[in-house]
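Below: a set of structures, written as structure tokens.
There are two complexes below, and they share subunit A, which is joined by subunit B in the first and by subunit C in the second.
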Partner chain A sequence: MPLKILPKESVPLFVDNLLRDYEVIGPLRKDGFYVFGSVRSFSDMELDYPITIYPAKKFFLPPRESLLRFKTGEKVSVEPVVEEPQPKVLFGLHPCDLHSTWLLDAAFLQETPDASYEARRRHTVFVGLDCLKPCDEYAFCKDMGTLYVNGGYDLFLTDIGDAYAVDIGSKRGEEMLERYADTREPTPSELKRLEAAHKEKEENFSNRLKFDIHNLPAILWNSYDSPYWEELAQKCLGCGSCTLVCSTCYCFDVFDKVELNLQKGERIRVWDSCLLEEFAKVAGGLNFRPSRVERLRHRFFRKGKYLTERFGKVGCVGCGRCTRNCLVHINPIEVYNHIYEEQQKSAA
Partner chain B sequence: MKPKVAIFEFGCCEGCQLQIVNLEERLLDLLEVVDVVTWREARSEHQDGPYDIAFVEGSITREDEIGRLKEIREDSRILVALGACAHLGGVNCLKNFMDQDEVRRYVYGDKAEWFPSIPARPLGAVVKVDYVIPGCPIDKEEFLGVVKQLLLGKEPRLPNYPVCVECKKAGNVCVFEKGLFCLGPITRAGCGARCPSFGARCIGCRGTVDDPNTEAHREVMKEYGLRPEDILNKYRLFWGYLEVAR
Partner chain C sequence: MDLIYRPRLAQILEVKELTEREKLFTLRLEGGEVLGHQPGQFVEVSVFGVGECPISICSSPTRGPEFQMCVRAVGNVTNALHRLRPGDYVGIRGPYGRGFPLQESKGQDLLIAAGGLGIAPLRSFIHYIMDNRSDYGEVTILYGAREPKEILFKDEISLMQGIGRCLLTVDRGDETWEGHVGVITTLCPMVTVDPSRTIAITVGPPIMYRFILQEFFKMGIPEERIYVDLERHMKCGVGKCGHCQINGFYVCREGPVFKYSEIKDLPEAI
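Let's look at the complex of A and B:
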């Protein structure tokens, strides 16, 4: 795709121009940490940010949303709720967060597309921002193959010092750049700087996984009966935080809420988590994952095996948010390495 | 026929009933669907049982209350514990860990002998409680939710997941990340993580989830600098009647 140069001094104007027609979501500070939030001007944003506590998924998959409204009584009616979304720009998403959007799309847009998700997603423009060095001690993106992006954005910025090299990923991105930003063609020296940035990036990240990621589904499968899961479950609070801050978790619960007159109501979708006791509870009260150990193991299998086999891409992008938020320090890289080493030992 | 509802109280501040009063104009909608026949806090008339639903606030702290509660139970098809005191014994159970005579003298002064109080206990320690609306105070929306479920003939269900879930959905920075400690990881949700959302910490007023990993939680609290006796004190604020805080 064509490349443009956006001088850093032109970024504020670019963002402020976008704000005329879009809601702009970018990395903001909150209580000393970073979150994605709505900005009023470029100055609210901090593009040189490590990692946000929460991913950007809530902007197309909100924690709570209405799916339909109904009326009972003599005249029964059911009316789907599909929000008319505001056009949004997600500005400054790192490669891992762009990859996770691919996974959410795979879940919500393939087979039976979800109308609300689809509408929000269609109205969202993605401006990515490359990571040239690890953002956080817990990140393991390189191991999950998400350090580099191949599409999945409208624009993608790489810091080359006093400017950003902008890779145009879509027609929409190209038009947006023309309309709202002051860009120019790259000079040969800028192209060299971009190449140097890429090279430096490659050197800055190291692998932490002790085996080839393609073997993860098989390694997990072989660990099914390992006592290690029980050991981990002893530590696990079962609080679900890991899944709620996860950028690729999308499981939800649906329930009906009626008004006091019992005549009207709405059907609501809320985020759910496979770590929670009621997640696998079905009619009649049966729970097919009644213990914490089964739920914990399922979480890892879901990411590293089930989704991987279903979508052809690991269900984890290595952002490390789960580890950062885990009060008992359960870390996927350590878990994967542990079961791998356990199997190496027993094979020896 | 509208179901007959009665609201009663034992040892408590009656703040949970105040939450129902706080429904204000929505009280009228409530009265469209139920008949509140007894409610000392909000109406002067009283009607004897039987009742379809009794909401009972407060914990049991005197011998004579045991008989009264049993009568209410007999009179009521459904009995719902209203708030932390009725559900867990609540803050009233703090006195259970003190010298009982001293507590009585502290509260009733030279009339202490007129008030033969007993260690505080939740309603469930005396009679069968059908449903619970937790919290200190209760959340009025949750109260309405329970009323609606009962009117629909459904089982009112409480979330069986911890406050962390709602705290994350609210987009808060974790209380522990701020260097403080919190009972949220093992406390039953349903409050919308109200305290952490307003910069405070969860103190456990809704009780624990069904199967809390308290051992793991104690380890976390230790890591944040709390001694075992500090942790026990935090647990005892609302959970004094539970095994975990003994």
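Let's look at the complex of A and C:
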């Protein structure tokens, strides 16, 4: 793929140029943590960030959005809400967050495309940023096969010291670079530095999963009746924090909100969580996943088996956000390894 | 791009009280558009301001542009539906999902077992069979309700008997009831089928499946010739919201009608 060099001193101008035509979303420091947020100038951003609390999905799948507006009463009418989204640049997304977008696209753009997701997605430019070292002890991207990206971005930056090597991933990315950035061709020594950065990256990440990720669906399925899930559910608080910060969770709920005059209202979509008790309940009160163990297991199976088999890609990107935010430290990699070892033991 | 969450408006033409809890709604889409459903499919029904819920269609597509839903008042939306009158409008999305095996059943005998409200989606198929009678072999209908006053579509029983055997039972009789008393499986000894040419279809409450399936197995009907209709809360209808998931399946897309052989290894199914 075509490669350009963007000197670090040219990045502020690039971002400030982008701000003329785009809303730029980047990693911001907030109360000692990092979040993706709207930047007013390059200086707001901290590109050397480990990971954000929330993933970037809220920019194309907002936590709360209106799907329809309706009028009730004598003359019922209904109109869809399709806003023409502001063009956005998501700047500095790490490989795990790029991979999760692939999965959300599979869910929202295949078969029956979701118009508001599609519009927001179409108006979003992705500028990725490579991770050269693990963000912390919770990340397990290498195990999930998301440490490296092969497309799924418009531009992808790799830090090579005093400059970024920019991989151009799309025509749009190429045009954007030409229009807004001061880049040049790489020198042989810069190409060498890029190679060295890749090598260093490879060495910095270690595998933590004790088996081949391709076996995850089968290993999970074999664990269905394992008492371990019960043990884990005893710990789990059922709070849904893991689903809230998950970059690949996309379940939603829909409800009607009526204005006080009862004449008009909106149909609202909000994020939902399969860990919450109401999730699989039907009218009449029957709950198809009444216990926490069933709900917790469902979440693990959805990531490691159901979505994996449906979309041909593991439904977890190993970003580790769930573990970082879990009050009782439930960690997928430990869970996967535990059930694997349990099965090894019982086979021996 | 299709706006997948936009309902079409439909007008309620008629509301008929079937029992204390169920009403039959006859509707027509605005502009006389045909719904275009298959028996066994469902729609998402909106009562604007209250919400949306999945309801199966209980009329046959062979019967013109109007369609019918038999609704039990059990949740927010269905209770609101029960308050509506002819002339009122609701929203309709769909039809969604995979319905009954119309094609696979052709030339075959049919054993249909309905429990309670399960008769509603099956009525769509039964009417379809009536209107295409020569396409199907012998038809046996078993229908169980809890009490005589809960029997749905009472006035249509004789029509159903016109296409084959139709056996009724109630869990508990009353002073007026002269028919069979007992759960639906107690009708099974009265039924003889040729398992090699029979397709069995059952719709009812989850608890019923465990028992009626055993009866189908006893009759020798192979697993891949048995169909069940599974209930879940299909919120979006298009395989996205996650609410109707049974292990890896979305009921709204891959169901609600499943071959037993497809779901028998899914612990969450039955």
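One rule holds for everything that comes next: the second predicted complex is superposed on the first by the 348 of 348 C-alpha atoms of A that agree within 3 Å, B and C clash if a C-alpha of one lies under 4 Å from a C-alpha of the other, contacts with A are read in each partner's own complex, and residues count from 1 in each chain.
One rule holds for everything that comes next: a residue touches a chain if its C-beta (ideal position, glycine included) is under 8 Å from a C-beta of that chain, and two chains touch if they have at least 3 such contacts.
Note that the coordinates shown come from a computational prediction; the quantities given were computed from them, not determined experimentally.
Colleague: Record, for the superposition on subunit A, whether partners subunit B and subunit C clash or fit.
Modeller: fit
Colleague: Check whether A:Ala196 is in contact with subunit B, with subunit C, with both or with neither, and answer first, second, both or neither.
Modeller: Neither partner.
Colleague: By the touch definition at the top of the document, which applies to A:Arg292: first (subunit B), second (subunit C), both, or neither?
Modeller: First partner only.
Colleague: In the overlay, answer first, second, both or neither for which of subunit B and subunit C A:Leu327 touches.
Modeller: first
Colleague: From the overlay on chain A, compute the angle at subunit A's CA centre subtended by subunit B and subunit C, rounding to the nearest 10 degrees.
Modeller: 70
Colleague: Taking the superposition on A as described, I'd like to know which of subunit B and subunit C A:Cys239 touches: first, second, both or neither.
Modeller: It touches subunit B, and subunit C stays clear.
Colleague: Between subunit B (first) and subunit C (second), which, if any, makes contact with A:Phe252: first, second, both or neither?
Modeller: The second partner, subunit C, only.
Colleague: Residues of subunit A touched by subunit B versus by subunit C: which partner has the larger set?
Modeller: The larger set of subunit A residues in touch belongs to C.
Colleague: Have a look at where A:Glu309 lands relative to subunit B and subunit C in the superposition and call it first, second, both or neither.
Modeller: A:Glu309 sits against subunit C, while subunit B stays out of touch.
Colleague: Between subunit B (first) and subunit C (second), which does A:Leu262 come into contact with in this model arrangement: first, second, both, or neither?
Modeller: After superposing on A, A:Leu262 lies in contact with both subunit B and subunit C.
Colleague: Considering only touches as defined above, state whether A:Pro63 meets subunit B (first), subunit C (second), both or neither.
Modeller: Once the two structures are laid over each other on A, A:Pro63 reaches subunit B alone.
Colleague: Rounded to a whole Å, what is the shortest Cα gap between subunit B and subunit C in the overlaid structures?
Modeller: Taking the overlay as described at the top, subunit B lies 5 Å from subunit C at its nearest C-alpha.
Colleague: Once the complexes are superposed, what residues of subunit A are shared between the subunit B interface and the subunit C interface?
Modeller: Overlap of subunit B and subunit C footprints on subunit A: residues 258, 262.
Colleague: What part of subunit C is in contact with subunit A in the complex they form?
Modeller: Its residues touching subunit A are 1-7, 9, 46, 48-53, 74-78, 88-89, 91, 206, 231-233, 235-236, 238-243, 245-248, 267-268.
Colleague: Over in the complex, which subunit A residues touch subunit C? Could you list them?
Modeller: Per the stated touch rule, the residues are 67-68, 70-72, 76-80, 82, 107-108, 111-115, 118, 224, 250-256, 258, 262, 265, 267, 269, 272, 274, 279-284, 286, 288-289, 294, 298, 301-302, 305-306, 309-310.
Colleague: Quick check: in the complex, which residue numbers of subunit A touch subunit B?
Modeller: These residues of subunit A touch subunit B: 30-33, 35, 53-54, 58, 63-64, 234-241, 244-245, 257-258, 260-262, 270-271, 273, 276-278, 292, 325, 327-328.
Colleague: Which positions of subunit B touch subunit A when the two form their complex?
Modeller: Listed in rising order, the residues of subunit B that touch subunit A are 26, 29-30, 32-33, 144-145, 147-148, 151-152, 160-162, 164-165, 168-169, 171, 173-174, 176-178, 184-186, 209-211, 213, 215-217, 219-220.
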